[in-house]
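Each chain carries a letter (A, B, C, D and E) given by its place in the written order, and its residues are counted from 1.
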Amino acid sequence: APSNAADTVEPTATGLEPQTLSVYAAASLTGAFDEMAALLERENPAVDVQVSYDGSSTLATQIAAGAPADVFASADQKNMQPLADDALVGPATLFAGNTLRIAVAPGNPLRIENLADLARAGVITVLCAAQVPCGAASAALLSNAGVTLSPASEEQNVTAVVTKIASGEADAGLVYATDVAANPDRIDGVTPAGASEVVGHYPIAVVAGSAHAEAAQAFVDLVLSPAGQAVLAAHGFLAP
Amino acid sequence: MIPRLLYLPASIGLALLVLPLAGLLLKVDWAALPALLLSPEALQPLGLSLVTASVSTLLCLLLGVPLAVVIARSKPRAAGLLRALVTVPLVLPPLVGGIALLSLLGRGGVLGNTLELAGLRIPFTTAAVVIAQTFVALPFLVIAVEGALRTAGIRYERVAATLGAGRGTVFARITLPLVGPGLLAGTVLSFARALGEFGATALFAGNQVGVTRTMPLAIYTAFNGSGVTTDQAVALSLLLIAVAVIILVLVGTRRASVLS
Amino acid sequence: MIPRLLYLPASIGLALLVLPLAGLLLKVDWAALPALLLSPEALQPLGLSLVTASVSTLLCLLLGVPLAVVIARSKPRAAGLLRALVTVPLVLPPLVGGIALLSLLGRGGVLGNTLELAGLRIPFTTAAVVIAQTFVALPFLVIAVEGALRTAGIRYERVAATLGAGRGTVFARITLPLVGPGLLAGTVLSFARALGEFGATALFAGNQVGVTRTMPLAIYTAFNGSGVTTDQAVALSLLLIAVAVIILVLVGTRRASVLS
Amino acid sequence: MTATLGRDVVTALLAANLQLTRGGFTLDVQLTLAPGEVLALLGPNGSGKSTVLDLLAGLATPDTGTVTLDGATLTAPGRLVAPENRAIGLLGQEPLLFPHLSARANVAFALRFGEARLNAAPARVQADRWLDRVGLAGLGSSLPGALSGGQQQRVALARALAAGPRVLLLDEPMAALDAETAPFIRQLIREQLAETGTSAIIVTHDIVDAVVLAHRVAVLHHGTLIDEGTTAAVLAAPQNPFVAALAGVNLVVGTAQNGAVVAPDGRTFRVRPADAAALSPATPGAEAPAPAAAVFRPASVVVHTEQPRHASPRNVWSARVRGIEPGSGGVRLRTSGDPEVIAELTPAAVADLGLQVGSTVWLSVKATDVSAYRR
Amino acid sequence: MTATLGRDVVTALLAANLQLTRGGFTLDVQLTLAPGEVLALLGPNGSGKSTVLDLLAGLATPDTGTVTLDGATLTAPGRLVAPENRAIGLLGQEPLLFPHLSARANVAFALRFGEARLNAAPARVQADRWLDRVGLAGLGSSLPGALSGGQQQRVALARALAAGPRVLLLDEPMAALDAETAPFIRQLIREQLAETGTSAIIVTHDIVDAVVLAHRVAVLHHGTLIDEGTTAAVLAAPQNPFVAALAGVNLVVGTAQNGAVVAPDGRTFRVRPADAAALSPATPGAEAPAPAAAVFRPASVVVHTEQPRHASPRNVWSARVRGIEPGSGGVRLRTSGDPEVIAELTPAAVADLGLQVGSTVWLSVKATDVSAYRR
């Protein structure tokens, strides 16, 4: 992400060599990590941070296949662990958490207030597939609440759930709090009871053999720093 | 009659197509394979895929052959335009096809609203899968058949007309048999494309077990679940490929015997 | 010469292909469009897409035409098998193509390791984009050209041979010109497919601005980018479609003039 | 519409007036065809014969002009009745057998979907009968690709005849046929047209076809009809070198009697034994004399100044020299009678015999040199 | 290899021994061709003529058998020299002009990639010359689709001749040609083959082609050669009905003298004026007598029992009756001389004249009835 703020800030003493840092981040981190990249570039004007967003499993697969990533931020442990086991990444640190919201059309026309409302006849509900992080969390949340749903669809990622609700195709669905924060005009969020009990944890790690290990570590440090955490919080993430 | 020089690039081309599939084979966990392939998680999507792809292919034939005839027999300028229109869906990235279908047939879509008033809702149904597959597969059929029609020309149709045969008769007994190989090629192509369809289906039809989870969606779901190890996704892909190869070879040799 | 009855299904077929695109138009935020389309976020991927798709199409021609010739001139049984092999990549869901390519050319892949020793890394480069596009577009070219070759037959090639012309001469001066329309059709199809290629590229080449972010990936990124609406994705799709239509119509009318 | 070349339009089944320009080639043709009439369309390569047939069959559109069949307009500005609705059949210059259908199925196609509208089973039976008639019994199951060129042509001809149109257009129907088969096929065409009362236009480069098959001849040259009339009249007075090259035959149209042809003026022409049989009535006994024609070449006519004796020719008669004209093959002597008979001699022979217009001569023609046909 | 039908194999340029079964059709043919020799291959439809040409050209493979050219093996078990490396040209039964190339470019193709290997520019010039020779000057830019059937055939012929192979195989080269053009094209083929010393096999259904173009005739029937020999010998003694139907000509091979043909036994045959010119030497004066042939039909021979007088025939001679045989067109009288001359009479004429074997007769043939060719 090119930063035009770079000229206005004087370089710090720890300024890094000119280089391009490649960060692979889960799609739900999009807004937050764009800002994170800008922050790092401001501190290190010589560094160009490129963030690639995609599903965590896609990114993990690419890193396993030798993708030139320096940092990997996953939306779940499941995709980080195998890389760690094969020593393809350095030690992973949890840096954020995410909780679920019921996403509804703006203004909540169907008056959906809790998880049980999702099971109402005539309400079209979509969820994430159980295999993806948000789907696993949704399943946990629903089972905690003792609610059984027959969703119209099990989407492959949160964006698809958001899209279906925003386009009116579906009436409600479970998404991350961060998604509600990122789409204020398209969906409204309802916090279901027990949401805080089910928290998804985001690990981050420097990719093993990174040619820019120092900058990569700097990025991880930034994410974990109070400044980084403030950015994440502003996008709706919880502390790890 | 083949210039020797051609064998080298031909082999490279074949290798480019076949070697990646071979690479896939190396990733397979052969021990776990049989159990997985016989599990309902594999067989149900496979069944749904075969059924929907067959229905889509049939739809492609019913709609695509007439469209191909109209294009092939149009004046050059009109034909060029029609052909371009028919080809466009090929360019659409998977996602965009889904968005386009939603914006037409979804709730709030132009036609979707009308249908909803009639009590019909298409998204999230098996019908949506078929529509998505037909949408992406139809161009293949049209282009293949149109090309065959154009090459076959109208000489034999003219002869049939001078013998007194009406247009319907000529179409059924002369035109169609003469483009048989092209028709078969188009059918194979559109069936293959329908079988592999993922993007538009995912967005337009969703991913519900037994209703809209076709094989490609099952593969994607498995991939998202297993991540790096990709074992299950690869195994399912293998199943899909194996079924496809069997069907293609069966049709292919049938086609060969038609041709010879 | 067209049976009247055919016009109805032909119209429905055309509607199925064109109406969703029209639906897309309704979703466009026309006011914001010009600025967006002229932004580097739109133009850079478009440029990359056009360049890589052109290179891929060229590769398809170089590898696919010889392969098509070999298949078309093979014995029926061998031809059936080869044709099936060539068609398989069509069946692969987007993702699986990517997995397959990675498992061949990625780290730990059969060829990937060898290449790495030679200091060559293909995945996640522009070359990877081209390979992914070629992999998915090649079958189109091969099938289209093979069909045309088979329909054209070998009568004229035989005549040329009895006149004393060598195989290379016959290929260049008789075979290729005679399958001209089929060749053009195949080229158009594979270019369109390469232009729209998303799945294999996303996994095999990644999504790096200026290097591997082609138009379909840009659309995907825009679509996934939380905070924005699908507007941007739709606008980008529109740009891609517009460019494709222009190219297709240009080629199509050129084709028409070749044919007439 | 006005009478064309003296023929009454009221009797015309097919009437055409066609103009067409294609590149450097211009066609401008008026022609009519009476019910049951057979017209031979002659002309050099590229003169427009096939084009005329295409225009009549509705496979091509003229720039201007009309085609009417039995008073109904088939082609006119802004109107083109489809070929399948014209009842005009066309056997083109190439056989164009449907490549995916057997010889039998090709013919059966015409029987099922042509005039007869037979069902599948009887069509197959009839098709086999047709194949038998064109000498291809046993080849019914062969696909066109497994037939020789001449065999294909015969199947195509059988198919065209089997369709049973009101007007049949035949473009070089005898091309590629072997010498032994050609006469049989020619006879088959003749009989079939006569039996069914079908009008026909036959394009040919062989004058024998015109003589045997046609009542009338039209000669096309550079897209215009340069000569037209009864076969005998056109051949007797060739209007241009092309017709002269074609002509070279004497044609006697008369009646069959005892295996010979009797001319209108009573002369009897004995004919070659093979043809004499065909001229004899099938059932002996009193019978109305059947129309027949005798054909022999001017070069076969021997001219004597005294009555010949002790010689083989069966046909000997005396006549007066009406005209002496140079011809492509020598000097042409027109001699009196109905019809006039042309003898072709070398200039030396004319000089030797002291021939002049008005001389009385004896003419002889060998019976083996005279072909004959029932009409 | 053994001598075939008395011909010395040492002199053979092309020698073939071919067996092939295709469905119900079986071919078994041995034939040889001497350098510069022209063989006419005759036979009914479906007898295997085109198949033989395909096998010789390398477009088809025999089940067993060999083809050798100048001692080099072209076809043998497990060996098939590609058509383009055989120096054997083939003009097939269909013109098959390359549809994307103009008439000129079609002929130029043969000049560029055939024997001559001309560059593009001279090939175009030569191609135009060829088109001129086949009477198509001005049509060089036409695409095949814009040519008539006969025009296409002429382009195809020009293309085949222009390729300049050592052996040329022509499958019905005169098909679809108009009557005026045919003799010119026939002459063109003759001259071209003679000038270049090209050996050729010509498939034809027209006996004139065989007489004018060929030194030798072979007759194919159901896949086997049933007759073979010099044109005159085969025609004089037809071995089966097909040949008989074809034959029906007397052929006198002799020398040209003063516009006439002198037979080996000294008889002089005056010929029709058009051909007499061609027989006269181009430069008057002493010249070695040129070989020439005269052709006339048995039906044209008038038989007298006394010397004919006051009659037009220029050719009159006496001979003895050697044989009286039934023929397809009447009774065939073989008469003495070198060559024997056949006269065809009706049985009635034979009876009338009281002819028997051994009778002395006077024979006459009109000069206008005798065609002649230089050989």
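As a convention for this text, contacts are C-beta pairs under 8 Å (C-beta built on N, C-alpha and C of every residue); 3 or more make two chains touch, one makes a residue touch a chain.
Since the model is a prediction, treat every value here as computed from it, not as a measurement.
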Graph separation of chain C and chain D (steps between touching chains): 2
Other chains in touch with both chain A and chain E: C
Each chain counted as touching chain A and chain C at once: B
Pair joined by the larger number of C-beta contacts - C-E, A-B: A-B
Mean-CA-position distance for chain D and chain B (Å): 57
Centroid spacing, where centroids are CA-atom means, of chain A and chain B in whole angstrom: 35
Distance from the mean Cα position of chain E to that of chain D, given in whole angstrom: 27
Chain C, residues touching no fewer than two other chains: 99, 109, 158, 161, 167, 170, 223, 230
Multi-partner residues of chain D (each touching 2 or more other chains): none
Per-residue multi-chain contacts in chain A, two or more chains: 61, 64, 157, 163, 167
Touch relationships between chains, expressed as pairs: A-B, A-C, B-C, B-D, C-E, D-E
For the chain C and chain B complex, residues of the former touching the latter: 1-10, 12-14, 16-24, 26-27, 62-67, 69-70, 73, 76-77, 79-97, 99-101, 103-105, 109-111, 131, 134-135, 138-139, 142-144, 147-148, 150-152, 154, 157-158, 161, 167-168, 170-171, 181-182, 185, 188-189, 192-193, 195-199, 215-216, 219-220, 223, 230, 233-234, 237, 240-241, 244-245, 248-249, 252-253, 255-257, 259-260
List of chain A residues in touch with chain B within their complex: 55-57, 60-61, 63-64, 78-79, 82-83, 124, 126, 129-132, 151-157, 160, 163-164, 167-169
Touch list for chain B against partner chain D, complex: 155-156, 158-167, 169-170, 173-174, 177-178, 180
Partner chain A, residues of chain B touching it in the complex: 102, 106-108, 123-124, 202-203, 205-209, 212-213, 217, 220-230
Residues of chain D that touch chain B when the two form their complex: 57-59, 82-84, 87-90, 92, 96, 98-100, 109-110, 113-115, 159-160, 163, 165
